[in-house]
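Pasting the structures in now, so scroll down.
Consider the two complexes below, in which chain A is the common component and chain B and chain C are the respective partners.
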Partner chain A sequence: MTGETTNIDAAGLSEAIELLEHIESLPSTATGALSFGDDGVILLQNRRICWAVAASMPKRLTDILCQQKNPPLPRAAMEALFKQCKESGLPIGEALVSSGLLSEGELRKALAFHNGEAVSRIARARRRPTGFLPHSKTGYDARFVFQAVELLAQIAAAREPLDTHGATATLLGTLVAGATGFAFLRDGERGRPTVLAVDQACELRVSEALEIGCWSSRLFDVTSFFDPTTSVASATWCNNTSIVTWRDGRVSYAAVCSSRPASTLLVSQLAKRARANDPAVHPQVRP
Partner chain B sequence: MSTTSSPGEEIAFAMVCLRTGMVLRWLSEGAREGAGMTDVANASPELFAVAQSVDWAGLFARFGSEGGKDFREIVLVSAECVRVMEKVPQERDVVLVAVAAGVQNVGFVLSGMRRRMLELTEARARARELDKVV
Partner chain C sequence: MIKILAVEPGQGGVLAQVLAAFHLDFDTIHTSNFERSLEQLRERAFEAVVVDVTLGDDAWKLLAWLQKERPHVGRFALLPEDSAELRVRVADLGVIDCMVEPFDATDVLVQLTSGLAETCFGFLHNINLPAFLQLLEIERKTCTLRAESAGRSGRMFISRGEMLDARVDGVSGEAAAFAIIGWLSGNVHVEHGCFVAERTLQKPISHLLMSALQYRDEAGLNGSADGDIDEMSFRRLQESLVPLKSELPPVPRLPSFLARLPKTMTLFHGSLGLALVDAETGLTLAAEAKPPIDMIQWAESAATVLRQEYATLATSSQDTDLMELVVTTGSCCELIKPLPKRPRCFALLLFDPDETNLVMARIEVDRWVNEHA
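Right, the complex of A and B next:
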């Protein structure tokens, strides 16, 4: 799950979307270095983003990793590990996790932060790559590579730090087996939804997530004519695959459900929650 | 009166034209005045139409659902009401609409919808058989 609150400079979200959509337009086997001249580089493995670095970045991954822990990781221990990795050729991520210095989740969070910031900075400097150098080696651990939409959430989350934390927790706490999805705010930059958090297993493309967000908003706009309190909707495709969307305050959510039982379970849970939160059913008791 | 109900819970049904949003046939007495059926019917073309801006076929194909051109069912839930709209097979631009006010159990409404749709399908099959005989 990405979408943690960060201090990434979130200006230029549209440019980041454009760049991420360009990455998604590459062949699914695209593995190699996408270069952006002097502005940076993005490493891809099967079109997923494994590493990005921008020339203008103020922080290195080491700084992020050290500061992420409380108390911060000792710099000496980190540097010793980096040295060992350089000699042995072991990826630093795997070494950090196997040494117990970081959990898998903590490393993923730090990498998402780093890569999100790099992509954001590269996109603002240069929207299109200057070249692509294919690699035949695919040595990045699949646990630590990112879908474009995950990094979009990472970048966008900086704009809405207050909503992001709750949206991430709600999304994680709501999705059922067979469902994958994302949280968003409607009417973000240029009238498009702002993706705040994404389920790690979410296979949606950036354009699909944005379109689903627009569709959800329009659907609820229509329901407002006959029942403004409508908070959950599902739309089922021909073969029992569904999109379930719901809203909770400012934040909206959408999930793709791969089976009928998954969508029914999700809608049922959300319906119970809607009823439990209804002030008409559970009026607030005032002292 | 042909509503599907259990104590305290009642579902009203109607057949609705998906092009005009007009109620074609009331399938239960309660549907006429119940829970704003006409409002839902009027909005149904818009509710299904909003889906057309997205390449859903391509999206769902990647999620393992091949074929199809549009949504076949929409479910709407508020704190007080469950509404279900489902396209009637082999009847172009017709949806069966269920409105269940005060219902908490979504599964109950979906089951009622399935039963009702089955009744409609069987009735249509019987009518076709009769046509052949006549």
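Right, the complex of A and C next:
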């Protein structure tokens, strides 16, 4: 495989992928605590990750929440709110958002950071859980629970913050209604992509996202052999599902479209953008 | 330039804005009531009128006026919801297709362009009816034929090149189709749309023609040269016909199919090259391109990309066939479309996205494939 390689700690990422794929192999109704002995615990709600904590974590969620703002939130205000919540039984997330201290997006970002870090540390310490304690309560706010692939992106993002910031903005700014997707970097050593950013509505499993990333890389390898200016490609199958893939610098993107109009609109927009960025827009003989 | 009158409430009109956003060859004029629409229709020649039925009486009056005064103009309706009752009502007024809120820009575009492409209208004097029916099948046209011959009149309902129903002298279905085809020639009024409550015919037009002409020949031998029909003779004919499928020639193999390909291919506005390619070898079977495009090179590379996709599909969890690939380069867009009926081949279209778009490219490729491949 050709293309750029990344500086990501590939071994650490592989362990996280293995753990997240294990979570995705559980039944879709899996709700409860996935225990990793003394190394940590991951709480699941309908197979989605609501909370994770690792024994070796250096930062508490309070620290992360405080640092979400610039200037940072006063620690005293945060702790007072925690105390109120403890007394009233109000979930801390709701309290933070309703008090105006954090927006919904900021809280989600902080939780993703915290959970991603925890999953990464647990995976490095122990790849398989020691037990699963199911429970029937599903009290976590659906806005603040995560797909495995989202946390995978979060883990990689912690290592590639510059690429991730731009990739997230590009991804969300490009997707159209009926399309969902992710951004990724090619990983030359491991032969599989590194998911950098994921649209919140993306329902792909980790293995599916990796398969799509590989497909995109192979497609660009072949098309670029004939024409290095290839920037957008899409494939549509007879069930009307389409995958549109494009690249911008060293970051690649893939969008899964549930309808032909969605993929058509996306391809048209991307083609226009590609042409606008390329001054040599007149047809030419293929090299 | 396709001239469209969009009759919608409010200023500017949603549809007019949608069409403008695509920068296509549409000249859209917006009106919001019956009187202004009539003024425009009397001043200009429009190819299509799109009427929002939420305008109420103005919408219904306008559709009725169009049916009577401008029957050749393609008519489309914008519906606030997908209601069977509304669809029947607008269909009775000759509407070709309905667009339902919320509007999807691309869907609207496809419906308008394909609706206009499929429809036809006119009066044909003393035409060879079987030949004309074959043409409608090949072109996948949608229309209703009113055929007249020797003081008799019959109707045939054709949707996308398939005959759904035929009616004559109180008889419908195959008997009616056979009777009308048996007239062989006469005057034909081609009307917009195809509105039938129930499909009575299942066979392709070519099969119906073969059966009808066979029947006519047999009737001629028996002294009834006008090919007219009665219930008993129709039943006898049905019994005597061997299953049509086995009589038909097999699907042509590649050599004879190639022989039917046109020597030259017409490029539509915005296209840079069109080719039919053998996927296994990358050989170009037929091609046309604007200089300096070398379609042979493009075809070879497209075949390589497609072969890789097939290889990927073979090893992946996908259990569905590839319908199309689109590749955008710095110089143009490339539409690669495997032919479902000819798995060895694919159509390759190169187009300039500044001049046309993917929707139009798909329509043109589909049209070309239906005609020739």
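Assume the second predicted complex is superposed on the first by the 266 of 287 C-alpha atoms of A that agree within 3 Å, B and C clash if a C-alpha of one lies under 4 Å from a C-alpha of the other, contacts with A are read in each partner's own complex, and residues count from 1 in each chain.
Note that in this section a residue touches a chain if its C-beta (ideal position, glycine included) is under 8 Å from a C-beta of that chain, and two chains touch if they have at least 3 such contacts.
From a predicted model like this one, the values you see are computed outputs, not experimental measurements.
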Fit-or-clash call for chain B and chain C when the two complexes are aligned on chain A: clash
Touching partner for A:Ser28 - first (chain B), second (chain C), both, neither: neither
Chain B versus chain C as contact partner of A:Ser88, first or second or both or neither: neither
Touched partner set for A:Ser136, first chain B, second chain C, both or neither: neither
Chain B versus chain C as contact partner of A:Ala271, first or second or both or neither: both
Partner chain in contact with A:Asn70 - chain B first, chain C second, else both or neither: neither
First, second, both or neither for A:Glu203, with chain B first and chain C second: first
Partner chain(s) touched by A:Pro261 [first = chain B, second = chain C, both, neither]: second
Segment of chain C intruding into chain B (one of 9-17, 99-107, 225-233 or 261-269): 261-269
Footprint overlap on chain A, comparing chain B with chain C: 211, 215, 218-219, 222-223, 225-227, 229-241, 264, 267-268, 270-272, 274-275, 278, 280-281
Residues of chain B touching chain A in the complex: 36, 39-40, 42-43, 46-47, 50-51, 53-56, 59-60, 62-83, 104-107, 110
Chain C residues touching chain A - in the complex, by the definition given at the top: 104-107, 110, 272, 290, 292-294, 297-298, 301, 304-305, 308-309, 312, 316-318, 320-333, 350, 352-354, 357-359
Contacting residues of chain A [partner chain B, same complex]: 203-204, 208, 211-212, 214-215, 218-219, 222-223, 225-227, 229-241, 256, 258, 264, 267-268, 270-272, 274-275, 277-278, 280-281
Residue ranges of chain A in contact with chain C within the complex: 211, 215, 218-219, 222-223, 225-227, 229-241, 260-261, 264-265, 267-268, 270-272, 274-275, 278, 280-286
